[in-house]
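You will see two complexes here that share chain A, one where it goes with chain B and one where it goes with chain C.
And then the complex of A and B:
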């Protein structure tokens, strides 16, 4: 039994519709936070972006594992695209986080927060992926080296994700505890829709970018075959 | 505009700008791919008939 992928056009329109719905819910439905005021609205974009960055790095690692397990060449581009998008969302996480930190704590960055530092380590680790990848000649060797590196990085994701709980960090807020989300129902609904919209947007970006890279690779092969 | 509103506008603005930059980069790439596909189509048409049949 084969599962056909949903059409990219449908997904793109779905992402646009969900993003619009998320914006309405964030700014018209979700109440203002009693403690942080209006600046708490950054939560609805910062946290989903960070979770999407983790998901993209995780996807890159999963595809890397598939490459190593099956030797399927197509997984190399899929892993690379996942890591690339993870890095884009990683930049966004750091920038939106810095803006929120300035609004809430009065500083752009603090080295005393383990979660911030560990996310930066994770981000820099995956930045080095590109240096490694482009320092090796294209081919099977580069595919394997890149895959092993992408797979190693995934170990940093749970460390970064759970750092706040492990380190008892009092600076970075913990919204999701064992008792559930520490927010109102409207806030949680707005967060979920925002998270779904950003995840869907990232998936659309993944599919578009992957299609572009595959066309590029096919064109290179065609050029080699056609040119005298 | 209060300072809280400015920070919120900056955070959402950064997100929108990064997505737009990504779209612009992709549009540039698409234009390059279109150009290269055209060149390859011209190359394929210019090949002698016998060579095309040989592959």
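And then the complex of A and C:
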């Protein structure tokens, strides 16, 4: 690990502290939503998780692009880790979104929530990414095929989002909006801290997973080298 | 440029000639799409209405295309011809374009049977629905040829291909169904055109990375 990056332990403790601060701000500082009451608190978790999932997919695609552009082998694991974390946060988005939908609309799932449907499509897409990755022989070819598919993912995000909005026009003529009262200063502060804490948490997870995967790969190389 | 187009034409012609001699893709697609339409008749309740039938038409088209795509690279794989094509002194993206055009020809041939059958069995199709079918077919073949080349490199490729392809095809289904049933189909046709442009350019640019060792 290079010296310029802050050590993983410091970052992990920072993420833990920031998450605690976010929890305190969400429950103690931010006022209760006039319209939705206590259940609106999940907004402070759900939206940052969704944004972090997008960031992770974006990171995975960026590393995939770097892999294709420079043929740098190290980007393969970085891209994979980004997509992996994005999928984990995507599943969390689906779960928290379903809980919120149940709390405020009384149903676990609603096709009229564009964000939820988009995450379902992305979940299917990125699960196929893992299937693809694990059924191609490891090597340069697999790295490149995975990278191309990860790049397709970032093109699919806006296209799907647009498609889902279009589909709502003919599947659900009446779209109910999630319009609440304007966010107060405290609410916005709690949201920002929560977002920062989850982004930092994702980064720590990224570093930990990447370090683990690198050790794994090095170990495999060593074992192959030592085989008589 | 002309050399590039000549390569593409030669590759597409090779696929069509193979199909004319062996006939192992197109008859299957035709039979499949017809039997799917018959199954849909029994799957739909009697009062389901025409809109449901239009939705199912798109399911039938996508799955028929999948059937063709699953066989798209079989000949290249089995005889190891893909290595030869990659080594040939032409741009690799020509391989993708030739394959997309050949697959498109098969799909259009299947649709020439499926759409009249749909009109006879279920409901009429207007001009915007037909334009939607053409635009969606282009998108299906552009993305599908690339994705099936990816799947061809993997174990269990027949299982993998639908998993890779269907999430990418969802926007096409949205555009196609919208073009068939919406009172304002223009938006959906523009959307389909955009999808085709974005994903055709991406596939064209990315194909080289998928086939080179």
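Assorted remarks:
Keep in mind that, in the parts below, the second predicted complex is superposed on the first by the 200 of 228 C-alpha atoms of A that agree within 3 Å, B and C clash if a C-alpha of one lies under 4 Å from a C-alpha of the other, contacts with A are read in each partner's own complex, and residues count from 1 in each chain.
We take it that a residue touches a chain if its C-beta (ideal position, glycine included) is under 8 Å from a C-beta of that chain, and two chains touch if they have at least 3 such contacts.
Since the model is a prediction, treat every value here as computed from it, not as a measurement.
Of the two partner chains placed by superposition, only chain B is touched by A:227; chain C is not.
Of the two partner chains placed by the overlay, only chain C lies in contact with A:149; chain B stays clear of it.
In the superposed model, A:10 makes contact with neither chain B nor chain C. Once the two complexes are overlaid on the shared chain, A:102 sits against chain B while remaining clear of chain C. When the two structures are aligned on the shared chain, A:124 is found in touch with chain C, with no touch to chain B. Look at A:68: by the touch rule set out above, it reaches chain C but stays clear of chain B. Once the two complexes are overlaid on the shared chain, A:208 sits against chain B while remaining clear of chain C.
In the superposed model, A:38 makes contact with chain B only, not with chain C.
Annotation: chain A has no residue touching chain B in one complex and chain C in the other. If you check the complex, the residues on chain A that touch chain C are 68, 121-122, 124-125, 127-128, 131-132, 135-136, 140-142, 144-145, 147-149, 151-152, 155-156, 159-160, 162-164, 166-167, 169-170.
Looking at the complex, you find that chain B touches chain A at residues 2-5, 7-8, 10-12, 14-15, 18-19, 22, 26, 29-30, 33, 36-37, 40, 43-44, 47.
Residues 146, 150-151, 153-156, 160, 163-164, 166-168, 170-171, 174-175, 177-178, 181-182, 187-188, 191, 194-195, 198-199, 202, 206, 209-210, 212-213 of chain C are the ones touching chain A in the complex.
By the touch criterion stated above, chain A contacts chain B in their complex at residues 36-39, 41-42, 45-46, 49, 88, 91-92, 95-96, 99-100, 102-103, 201, 205, 208-209, 212, 215-216, 219, 222-223, 226-227.
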